[in-house]
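Pasting the structures here.
In the two complexes below, chain A is the common chain; its partner is chain B in one and chain C in the other.
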Partner chain A sequence: MALDFSIILRFQDALVLGLWMTIKLTLICIVLGCTLGFVVGLARTSRNVLVRAVSSIYVEFFRGTPVLIQLFWIFFCLPLILGVELSNLASGVIALTLYMGAITSETFRASLKSVGPEQRDACVALGLPNRVQITNVILPQAVLRAIPTLLSNCVSLFKESALVSAVGMADLMFVGQNISNNTARPVEVLTVVALIYFAIAFPLTRAVTLVEGRILKKLAI
Partner chain B sequence: MNYTFDFQSITFGPLWEGLIVTLELTTAANIIGIVGGFLLALLIMSPVAVVRMPFMLFVEFFRCTPAIVQIVWFFYCVPMLFNVFLGSMTMGILALGFNLMAFNAEAYRAAIQAVPREQIDAGIALGLNPLQRILYIVLPTAFRASIPVLLTNGIVIFQQSALVAIVAVQDLMYQGKTLATETYRPIETFTVVALIYFAVSFPVTQIVGYLERRRQLLMS
Partner chain C sequence: MSNTAPLVKMRNLHKSYGPHVQVLKGLDIEMKPGERVVVIGPSGGGKSTLLRVMMGLEKIDSGSVTFAGKPYISSESADTKTVIDTDVRRSIGMVFQHYTLFPHLSVLQNLILAPCKVRGEKKASAMQRGQALLERFGLGAKADAYPAQLSGGQKQRVAIARALMLDPKLMLFDEVTSALDPELVGEVEQVILQLANQNMPMMIVTHDMWFAKNIASRVIFCAGGVVVEDGPPEQVLGSPKEERTRDFIDRVFHIKH
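Up next, the complex of A and B:
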């Protein structure tokens, strides 16, 4: 069969709009999700049993079910339960933020744990108050160690964001599928869509490796 | 909120059938992923760049594009490009299997690189040929080290398998969607479907956690 990639140029604008939607969604959810993840990460190490239980259930549930069903649930069920109309973008943001919050909370938790108990002992020996221990000793190291994993969490989120096309949000995947259905040229259109995703995610994964090496060197471990 | 729940209208028959399909997909994809992933790992570690490059591209491509794009691509493009027409189930297995292969190959690679150099030297000293060294020294150690990651990847594929519902494979997600439209009970249906997915993947993640903890104890 003859491939004709020039078809892409005709739909350039639509694809750019779709890509913009994907990027916008990803960026919003990265900011909100990381914040949520940090809070949940702390909550999971809390001394209060109730706080710990609720945050653990949230994380385990969102990590233990497909993102697709989370999206469907939030798109179709949340408006019914809350009794309010949610816009497409709002539902997408809620769903992906909750997903991102769950995966980043694990990252934060692991990195908080990785700061050795000796450091805390040293803080106590130096007579530092609790607040200083956390903000000046534990937190900087924990955040530094979390960065590479957080970056790969962001890449995961970017990839998972393509799922919103299944609930009718006009992101890159949705636009691509529409074009390919209307022009009956799936090979060209879908390949280009895949390549666009690749062109963004691949450099990011390389960056993860680079940053990881740098940080490991800095921490000398 | 004035919504009355009605779990009565959920029929478990189709959901059960869907779960079986989902589990079949997961198992088949995992077999492809575990076996194929190891071969792929050996290929991407090949010292010959010409051999290594295409397979590295394959791995990076599957790791850096959304699974949903891969699945839709498989269903629309493979029949057109290669003129092969396979059943939707086979296509789903292949798409998920290739995806898992790429992720597992990376897991194996990390585990193989973590096999201490001295062990391989010892193999050379004992006069084992390269194949024997791979089979008797590298493979058992690397495989054991990569089990937690392989299990995690396997459970990720179990979750990703919900995506084949989009291309009309009648898995758990698809049956759930149909049931939700038929009964007009999306909340109850999607909640039950989510709980079924959770009930399968949660125990496995707990096992992975246990294996990892035990490993760390053994290592220290």
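Up next, the complex of A and C:
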């Protein structure tokens, strides 16, 4: 078969729009998801049993089920239960935020745990009040240690976001599929779409390694 | 008589970890102002626990501690809460065996965090004091370095400077040279000797008998959770009265009978 990649150029604008939608969705869900993850990460170390139980169930459930089913459930079932229509953008944002919240909460929890008890001892020996211990000593170190894993979480989210095409959101994947169906040129179109995803995700994963090295060096772990 | 009133008075301290491990079994120690007490003894004998209790890092089962005549720590029994006066605690400084500098802060930031946050000192004034202290310890050029860029000996000297920023009335040193490479031990001990020359009261746990001999005004041999022997360094390290102390000293100096 003869490959004709020039066909892509005709759909350049549509692909750019799709990519823009993917990036927008990813960025929104990174901000919302990391915030949720941070709060849930803290909740999982709470002294309150109920808070701990609820947050654990949430995290384990969302880590233990496919994102696709979470997305479908929010898109098809949630409106039936709540009696309100959810746009595909809204359900995409909700599903990916909940997914991102669950995985980043684990990242935050692990990094909080990695700040050793001797740091607490030093705080007490210096007479630092609890509030100062947390905001000036424990949290900054925890967040710093979390950064490399958080970046990996963000790259995963960027790739997983392609799932929203399944509920009809016009992201890069959705646009690519449409073009491929209409032109009957799946090889060219889907290859280019894959390469676009790769062109963004690959430098990011390299950056993760770089940032990780720097932070580890700084904290001397 | 007031100048001979004890600085620290520990009464009948009991401390256990769980129902079976008793670390302190009725410890009584009195320390006068200006004294430099070195605590020696076998591992698990309660030395480090003693310092951690003194710093208010560990609860006690029962007993009491007064500091400069004020009640500091007390607990009636294992079931009651350990009461710690945090104002008194602020006049005590401690340096630990493992480096406990804050790795995300520069050396100078490590020094000024507590003065600024605890005492409300102005940043500029704290930085000035901090820089002066670093110069004194030969670390003037390291003010902006991060802990990971320092050697073990430098880290411990910074940790000492950080504790001194709060003008402690008593310094606790818990095996501060044990984790260091041998060639770095001297520089840290020099700094502590410098403080000793200024009559800083201190309580030191160490395995370094040379250092103990040189710095102590008094040595306490602690084993099995009680004070076994207590006296001037020449006596406890040189010609101990108690059999257990003698055994320990012989073993430390590798003298075989």
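Keep in mind that, in the parts below, the second predicted complex is superposed on the first by the 221 of 221 C-alpha atoms of A that agree within 3 Å, B and C clash if a C-alpha of one lies under 4 Å from a C-alpha of the other, contacts with A are read in each partner's own complex, and residues count from 1 in each chain.
Everything that follows uses one rule, which is that a residue touches a chain if its C-beta (ideal position, glycine included) is under 8 Å from a C-beta of that chain, and two chains touch if they have at least 3 such contacts.
Please read these numbers as outputs of a predicted model, since none were measured by experiment.
In the superposition on chain A, contact is made by A:127 with chain C only, not with chain B.
Of the two partner chains placed by the overlay, only chain B lies in contact with A:166; chain C stays clear of it.
Using the contact criterion defined above for the overlaid structures, shared-chain residue A:218 touches chain C, although it does not reach chain B. Legend: residue contacts after superposition of the two complexes on their common chain; A:50 is shown touching neither chain B nor chain C. In the superposed pair of complexes, A:202 makes contact with chain B only, with no contact to chain C. Touch criterion not met for A:9: it reaches neither chain B nor chain C.
Of the two partner chains placed around the shared chain by superposition, chain C is the only one that A:119 touches, whereas chain B remains out of contact.
For chain A, the partner touching the most residues, choosing from chain B and chain C, is B. Within the superposed three-chain model, A:137 lies in touch with chain C and out of touch with chain B [touch as defined at top]. When the two complexes are laid over each other on chain A, chain A has no residue in contact with both chain B and chain C. Considering their complex, residues 118-119, 121-122, 124-129, 132, 136-137, 140-141, 144, 217-220 of chain A touch chain C. By the touch rule above, chain B contacts chain A in their complex via residues 1-3, 60-61, 63-70, 72-73, 76-77, 80-81, 159-163, 165-166, 173, 176-177, 180, 186-187, 190-191, 193-194, 197-198, 201-202, 205.
Chain contact summary for the complex, chain A toward chain B: residues 1, 60-61, 63-70, 72-73, 76-77, 80-83, 155, 159-163, 165-166, 173, 176-177, 180, 186-187, 190-191, 193-194, 197-198, 201-202, 205. For chain C in complex with chain A, the residues that touch the partner chain are 52, 55-57, 86, 89-90, 92-94, 96, 98, 100-104, 113-114, 117-118, 146-148, 162-163, 166.
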